[in-house]
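By written order: A, B, C, D, E and F. Residues from 1 in each chain.
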């Protein structure tokens, strides 16, 4: 692997991926809208760029073998706010990848593309979309776009529908948790798998209470190691009885399934940056 | 029904729908980007407006019971060209409908949302999206958006995936033809059905060679009357042997399945305006 | 066919079936809890009996080839009220049929066995049960019972899930109507089909808006002739906009899907006895 | 269409197809193991040949656009007896078609490829094989072979699973009948459909009691016109009660489902040659 | 959790559950038809009651958060014998739970609700019912009842289809065994899962030869630890060749699938009470 | 178990199975076309025989309880070359087993029966056949044959679709590897399972990247222990980027999916005999 591109490199998950990705290739091109992202790793270069600008993305993706696309507005918000980074940004990435002849896009999709399914439906990777927010709708858009670029242009993509990659401090997270270590394994496997075509895979750890089905993505070889059950006793002790008729509790999307469209969700969740130091 | 809105009223199909829709309501608000659309029917008013402008659509949808949404750039084209009318336009319609408390959007979706399926798969209304073009991708976007507005906000929508509403002059059209009369029946039923929730239905006549399955939309009561088989002998006599390995012949999307993304298709097809005069 | 049994012979549907059934066999044994059912048809005898009494049903079913089982408390009601006629009664019929070596039970099941499915799901005959009332629950019970008697004892049964066999005076009935003529065809085919094993079939006319799928019962050869669409214009004109979030409007069970469990439904519906005179 | 080949031209169905096929092409090459087949139709030539000989079939298929393959030992029999004409013969036809660059094989497959399914399962064209006899097993073999030649070599094939093309003189035939006229329509559509890839379609008339599902082959446009129900009253009157636990009555394959493997079936059925004279 | 109710507390499984349940709540109300159940655990009270009496069950369920319902006649028997405890008893529990505002019923359902499926069909939790006995039919009844109380009244329930919770002394048990420890984990998870709606889950250990599929219940987080394979060598050595055409060997229900309806099964099996002492 | 038969005993896999099979029965009859197979194990006898000869196979199978059928031409080749050993040979084995009253055939089927499915479809054991070669077609034939002998004659069979039982020296093998130890476990379980009816199971180790689904065969209790991931780093380092549009890389069949029909594949793969010495 000569060159990898990482978008969203200044974000919580993106910044965590910089080091492992830098080790998988000769050159890692990190990009984000920040002016800089601190000390660079061996082989890493940083290019400031706006996802909503095709010109910027053309510069970023030049000569890339694969693009690991984590850049986005990472929360629910008004459609107009997500239009640039999440919708147009996805188009720009795939189009730039295609024009430069890249082989694959590895994309941070999300459970929110299918967040309106009730939790007692064990959903596979091929259920029709049921987005819970504009944020989820952008993920649907990118998945359909990725499928089309594969079928029409031969550009591969893997769409990792991440459930919740953050600390386990609520009942939903007992099922939906993706540990940082498992995130790295997942991204690694999506990159190193020799052929993927268009594929979808859920990003979730090996939790006892995992509510989604990765069977159809088995060939990618993602085998998570962590399990949120270690937090279950404490979390359940602190959890008041939930209302099964509330989509926020009963649906895969959790609080996104209950929020009014366009309102912030994660901004209110005090997501702590609890990554292990690497 | 007090007020209906028709977008794309100056287009080929839209202009054909004006008269029947005007008879189904007290007021028909027709809209398009043209300066005018000629003589108005009884009860019809015309408002010039740009789909890409939420302000315009807010004006158009004021007080509407339902919106019949046919407005779009009606061909494959570069993503940037479709972004305004087809993507943002769809959002604007649903958002305006929601803000004004409309009950339903009846939407001209398209077979191109699933155009990459091979023709010998009889596809139902709930198969996952497989768009064949940016044009089809916009239809996927609007379908996912419509499902979300139903599940989150209770705004109904029916997505009519029209196959090909034009003269029958090629082999594919023997299966995909939607006659103008059947189009009117289809739109009428989508409006008058008391409850629809989120629904998808194929817009196709009762052709012998119909390649799609409307079973799951049966409750809408669409029963087409026309059959392209009357044109079969002549069309087949004029058809050279086709290549079953060519997506343009083997896939539901026809020429859209074969076109390079972003290139015009219909502009080259010499679609004749062969509507019966009403 | 030597002997047929008809239960519920004094009921609205049962009394309509007496004449055609009497013509299909040497002896028709009609039974109900009424003291008498008026003038008997050629070959018909009447035995007063209580469904809840196995002794009574043993007498009724003696020597029968098939039992056409329409007897029941025909409305939602408290569980305790339905227990005797609808639950125990079903057991008694199957057990008596088995002990007397009858070949088949043709059973008036109901859409209410699956009434909680939303109408925009086109449900087949093999979806899992979703009863909407105790009335529907009794139909589920009899279907499972019938399957078991087939698999363990070789007693055939056909379960006709009748949608609504009454005049078309509301929007739901445009899809759910079963005409009296089609009812007769349906019962006739269920009797004359040489082998049925355990089968389920929906009892509904050939309505444009039919919301259920009889494909898997095709071998029975039921092809309804009537279509409620003839009543559509008038019914829709008289129908106020419905609420798609109300199970009474959105679910297959209609008012049964909305009623409080145990409360009467049909008693309030003023079902008119509008049978054609035979 | 320049040249069509018809195998089994001396057989009951083959001889019926000679005239209509001769009208669809410049040259019809008929073949069978008989010395001659009587007077030839306009444009027809006859070549005696043995299906089990690849050399013979190479001669027969030279220059053909399509092969209509009805040749076989048409009954159950010992495996050794069917090996030549039915198994090796199918290979020879596909191989000769491939070597000569033919576009399609239209094949007389049979319900007996799936004859062990019970009749109250409405089987589609894509259920896994469940042959009832060596005769049916040969049809399974040819279907799998045809799929492989399509996927590996681009040679199209349509596999017409004929139910029972003979007079209606038993209860099973009320559902399984294929009239001669419908047979001709079926073969015609399989030939004239512009692209088919690998497809399977049931050969059965529009009987009320049709037990199989052609939905997935809809694009071929086969719409049968005849209906065995016209014979129902007489046939049912003459039918003794059947045993639903007997595979010969309960399974799609009828008497083939009950026969001991290797024993003749049709030889005992006195199939009358009741074709309308053309 | 303030108050749990356990029915069938004097039974083999029920008595095993008393201690662990008593530790999960402030008050455990145990009930059965026995006069007493011996020494009570910390926080446990005992109320003698008849499942067939709604009055009794109303007293038992007063103030309960959840009901763990194991009470039943635990064997096949005549319908009349099971009617009270198994059918009416289930109704009484759900009705009492509803009237008292309980949140959930955790129910000891059984494989015998689907016991007629052959073992080489890996059945999920959503296959249609195929009961093998009146005992299994009562489980079907309770599952349908539970779904209805959830959909109409918001009362949750989890239906644990227990396979065989007894010593492993026959070939079937190598697949169907549920160890006592895994039983406790299963019940615990069904109670502590924050939301369940209506759910079905198989009660079986992590046996190599497990014949049922719990995928759709994954969100409940049941991960059994025991494996009957440790008994395989001895059990298989003692097992004579079985008859694959015998439902008692080929079907999930085992001896229940073969028994004459209404005859005892477990009474003849010498089920040893081999619980580990706690 | 008194007598087992092993065909293909001189082959790479067959010779590996001789010792473990000899320990599972009183007499192991090994057979192949070689003159001898070297030193025999305790209880083993050798009979030279030709699969294509029913007489030979009748001698070999006399008195057998089960036949473990590994004999075949083990590579792609011309149809004529495979006809004897792979097609007729399979018939001979089943027929001989039936005539001698054997209970079961345990058959070395192959992934090549379904090799044309793309790798990102996680295929179960019940997908329709999609053979990639004549070699795979012979496996399809034997599977259909085995199902028929079970349904018509009660002869059980388990069809082990082996993926690749050879050293892991290419990217595909990371998913498709079956270790020798797991092969032995698999064969052992297929023999010792008390009842199997007709079953299909994939022969593959517990690889991280396993691309096929054995869920429906769970009751057989095959739980592989080995995992090709230990070879992943080295293999991937040596693998050039693959072409996802090449069936040889994208399809389950690997090089068989890409080869011209009839051409050798394995002969060119230098399959090393790397069995552990036993």
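Here is the rule we use: a contact is a pair of C-beta atoms (placed from the backbone, for glycine too) under 8 Å apart; a residue touches a chain by one contact, two chains touch by 3 or more.
Small disclaimer: the values here were computed from a predicted structure and weren't measured.
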Q.
Between chain A and chain F, how many steps is the shortest route if every step has to go to a touching chain?
A. 1
Q: Give the fewest steps needed to get from chain A to chain D, where each step moves from one chain to a chain it touches.
A: 2
Q) Where chain D and chain F touch, do the two copies share over half of their residue numbers, giving same, or under half, giving different? A) same
Q. What angle of turn lays chain B on top of chain F when you fit their CA atoms, given in steps of 5 degrees?
A. 180
Q: Could you work out which pair in C-D, D-F or C-E copies the interface of A-F, where over half of the contact pairs coincide by residue number?
A: C-D
Q. For the chain pairs B-D and C-E, which is connected through the larger number of C-beta pairs in contact?
A. C-E
Q) Any idea how many Å lie between the Cα centroids of chain E and chain F? A) 41
Q) In whole angstrom, what separates the CA-based centres of chain A and chain C? A) 52
Q. Taking each residue of chain F in turn, which ones touch at least two of the other chains?
A. none
Q) Are the chains arranged, by touching, as a line, ring, star, complete graph, or other? A) other
Q: Would you mind giving me the full set of chain pairs in touch?
A: A-B, A-E, A-F, B-C, B-D, C-D, C-E, D-F, E-F
Q. Quick one: in the complex, what on chain F touches chain D?
A. 79, 83, 87-88, 91, 95, 116, 126-133, 136-137, 140-141, 144-145, 147-149, 151-153, 260-261
Q: Quick one: which bits of chain B touch chain D in the complex? Just the residue numbers, please.
A: 118-122, 171, 174-175, 207-211, 213, 229, 232, 236, 239, 241-245, 249-250
Q) For the complex, which residues does chain D have touching chain B? A) 103, 154, 156, 192-199, 215-223
